[in-house]
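The structure appears below as structure tokens.
Order of writing sets the chain letters: A, B, C and D. Residues in each chain are counted from 1.
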Amino acid sequence: MVIDRQARLVAVESWDDYFLFTLESPQIACQARPGQFLMIRVSETSQPLLRRPISLHQAQGPHVQIFFQVAGEGTRLLSMKKTGQQLDILGPLGNGFTIRPELRGNEVFCVGGGRGIAPLYYLARELRASGARPIIFYGGRSGTDLPLKDRLRADGFEVLISTDDGSIGSPGFVTSLVEAELKKRRPAYLYACGPVPMMEKLAEICRLENLKAEFSLESMMGCGFGACWGCVKKIRRNDQEKYLKVCQDGPVFSLEEVVWQESEHG
Amino acid sequence: MVIDRQARLVAVESWDDYFLFTLESPQIACQARPGQFLMIRVSETSQPLLRRPISLHQAQGPHVQIFFQVAGEGTRLLSMKKTGQQLDILGPLGNGFTIRPELRGNEVFCVGGGRGIAPLYYLARELRASGARPIIFYGGRSGTDLPLKDRLRADGFEVLISTDDGSIGSPGFVTSLVEAELKKRRPAYLYACGPVPMMEKLAEICRLENLKAEFSLESMMGCGFGACWGCVKKIRRNDQEKYLKVCQDGPVFSLEEVVWQESEHG
Amino acid sequence: MVDLSVDLGFLKLKNPVLAASGTFGYGLEFKPFYDLELLGGFVVKGLYLKPREGNRPPRLVETPSGLINSIGLQGIGVEAFCREVLPQLAGLKTAVMVNVCGEEEDEYARVAEYLGRHQGIAALELNISCPNVREGGRCPAQSPESTYRTVKKVKQATSLPLITKLSPNVTDITAVARAAEEAGTEAVSLINTLLAMAIDLETRKPKLGNVMGGLSGPAIKPIALRMVFQVARAVKVPVIGMGGIFSAADALEFMMAGAAAVQVGTANFVDPDACLKIIRGLQDWAENHGIERISEVTGSLQL
Amino acid sequence: MVDLSVDLGFLKLKNPVLAASGTFGYGLEFKPFYDLELLGGFVVKGLYLKPREGNRPPRLVETPSGLINSIGLQGIGVEAFCREVLPQLAGLKTAVMVNVCGEEEDEYARVAEYLGRHQGIAALELNISCPNVREGGRCPAQSPESTYRTVKKVKQATSLPLITKLSPNVTDITAVARAAEEAGTEAVSLINTLLAMAIDLETRKPKLGNVMGGLSGPAIKPIALRMVFQVARAVKVPVIGMGGIFSAADALEFMMAGAAAVQVGTANFVDPDACLKIIRGLQDWAENHGIERISEVTGSLQL
């Protein structure tokens, strides 16, 4: 059940162009699951027109958190909101990650690239609460792209870090770090969120290693709640390839379901 | 010569929906004359698209002032600017009021309705400096529409006040106050700025009383510097009625020139 | 208390606000937001005989105050609709309308005929104006002749009232409207989207998988309003206006220009409550202006 | 150093950025802002044989990301222009173009003929697409036949190169472009404004004195870009693209879609330096992308 309401912005933290907002919304907080998202109104004028989809980064008590990176005009306007302001949000939307009872006691990889870490923190906490042992992979272009690393560690998670420029953590793509780690241990499941090339590479690795996995996809969204058919991706389900709605049938899909399409990389 | 530049907002005063901004712009300040205006960019997005015309309310040292009322989205956005921000302004634009040497030693009426007071304060100061004796008529719907009255008096001007609702000053339209005053004394000239019905009534009075006068007109403006032909009003000049540009041929026109058009009241 | 109802002749609406096809899913998507019975009515997403895959993504681009879409009428087809969706809408006290599509004239007629055999449909909206399904953005509503032929054929296939949806991508929309009227349409609705495009500078490719798409939203409102004004003076059948309606004020402009009712499209995405807010806004405006029947507003523009 | 020049065949431009007619006065209005010689060129306001009063105000309405104007080609007429303005533009090292208007085909030819007898004009732009001067917003560019006839007549009246300016208020803009090409136009420019309208709820009157007007600005960019893309694939003569260009990125989209040069209109009002900033932006973009000649961008869209 979707809710449409005003949520008060109660705290703002920021690092360069990354922002962590804490919003007061008891209704959303108590219904939310990791991997779900909000549609947020960023402007009061018709410019930009559409809401912006942002994942839930945390839900606790009456509060939810979002973690986002300024990517363009919409997220820039969002980043300018001040504590005390009301945000116009819709949510929680979409299907989240599945948290499987059989993962109890097992190691699980959570791989986030850049802003893709947003839903994974929430997921990792829920996995831990369910008895699984999440290991967080957190990759970025540079050290400044990993503002949450200390916080994740302070929360008791095992966090493996990589940067493309080698400024901190292991140098290179986070996918190489996953590959290296797979030589040491085998997780029972892999969850990922990040840029398409990262997820596509992870999908390849998972297929090779015969690992089960789930991916959270991004897509341009018109509505966020299934009304426009604008957000579709090609998905393999029941032996058929179909355009399914990322907002409603996703944004999380399983390894076997996602059809990576050359054309949509750019 | 028009200048296009960034001006820093150095002070903001406000009363309900009236705002007085002080801007730092030595170039504009040293060229400006009363009755001229600025074109001000109010938004960084395409919404609203156009600049807004606002009269110069004062020019002194390196500073100019503007005084405006929130009338819609554009002036609302303008009112939200904060001290220290840069405003993107064009100006000084248009022809100002004429300050005639022969007015020296004579009484002159300056009649402002609501936000129409904006250019008249500047004019009154220049008139006084030139040796004329300006009397300011300041009318509004209610007491809250006359935020500048004390300031004008503190500056040593004779200020006659009226409100439609009679909350302060003489009750009724400012035009009735002018009529009443004309029974007592006869000015050498009349200058006016305000809503069309006010100015039309004043024009009638001036014709009856055989008074010379100048009016500052408003018009929807595309550019403010003569490039679009969007701001025209019917003007009588050299025995011909023509559409002249308010931005370039005005915004100040003489009594004989203005053709009041029924259709444009609304 | 203002009377918000409007009578289209073939159909009475409890108020003049309808949700536009393609922006309201099959209606069910909006149940979480409000009681659908508060609406004048809604038009479900366009349907063909068979399920349809739709166009290749990306399918949406935001533009200044606008949205380009190239969905390409993805949908479950009319059979699945009647089997799975219609029963869930059964008994709703609001006008449920279906947007009818076809590859060629025959298919339109067959879809209409199929729907005509089912209960619970107040009217059909004939979508001869989608710019996303044929080569080069073309559609039947771009010519009076093909409009006439298609409407005629569909009229013969069903007794359900027919609203013909017009395309703005034409030289003279009044000629097309008159052709639809002559062929017997009960009403016309306009406008569908304007054929448009956007390019990604980095990849040098069109931003839409389908190259071109249809522009909607506030950006197009002034064009839509002009067309509604022109069409309302050219035909006698009721005109249903749309294109960038986001507020009650927008809706009132369309009504003054001659629209008997309005549809709200893109606004449903930005604010799922948009239709409801517009209905309340019409009510308030009428009260403040001492208007007893909202239908008085239709065509009240002073020239 | 990037080569920004473009060769239209009949005219070499130092860069592809022109100021659009009706938004740049007679050029002189922009002298306070920058050196006009920095421009690729500019097109002065539309001219008839005689001075023209223009339409009754109000003439402008702002709309979401757009502007509707109904100026109605107010101007001093071609004689006064040649006598009073042209000498002031004489010797300017940039392409000065004149936008040619006419009540009927004959007047277009006579204006062109008159201008052809003067020095300092690089090309004529034939304005057969203004929506503000004829009943119902109609114009010659709405039919291939009248376009062909008008272009043909003007070509016979002058040897100045001719750019035919097309209207977006048509079903198939490529048919009109081809007609202009067949009649011998040296280039086509597009788009002129889209016929539009706005209503004042309180007075219940149209917001424009002339009822309808032409929509320009960012709102129309996606439609303009689509039309430039279509026309560039339909004709061999160079295409000059415009409609909502406010930035170098916008200009590049039009060039990728097939425009050899672009015109900047409404942006000149919002930012008098707009053309200059766009020229600099093109330069920067080309440098950052290792492009030596900006003309390489024309038509480089990947399908």
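Just so we're on the same page, contacts are C-beta pairs under 8 Å (C-beta built on N, C-alpha and C of every residue); 3 or more make two chains touch, one makes a residue touch a chain.
The structure displayed is predicted, hence computed values, not measured ones.
Comparing mean CA positions across the assembly, the chain most remote from chain D is A. Looking at B-D and A-D, the interface holding more C-beta pairs in contact is that of B-D.
As a whole-number value, the distance joining the C-alpha centres of chain C and chain D reads 34 Å. Per-chain Cα centroids separate chain A from chain B by 55 Å. Averaged Cα coordinates give chain B a centre that lies 36 Å from the centre of chain D.
Look at where the CA atoms of chain A average out and do the same for chain D: the two points lie 47 Å apart.
Looking at chain C, one finds that residues 61, 64-66, 203, 205, 217-219 touch two or more other chains. Shared contact sites, meaning residues of chain A that touch two or more other chains, fall at 45-48. Chain contacts here are complete: no pair of chains fails to touch. Chain B makes touch with chain C in their complex at residues 46-47.
By the touch criterion stated above, chain D contacts chain A in their complex at residues 64-65. For chain C in complex with chain A, the residues that touch the partner chain are 22-25, 29-30, 32-33, 45, 53-54, 56-62, 64-67, 69, 71, 74-75, 200, 202-203, 205, 209, 217-219, 246, 266, 268-273.
Interface of chain B with chain D (complex): residues 1-4, 41, 46-51, 90, 219-223, 225-233, 242-243, 263-264, 266. The part of chain D that touches chain C in the complex is made up of residues 61, 63-66, 68, 136-137, 142-143, 169-172, 194-199, 201, 203-206, 211-212, 215, 217-223, 225-226, 229-230, 244, 249, 252-253, 256-257, 285, 300-303.
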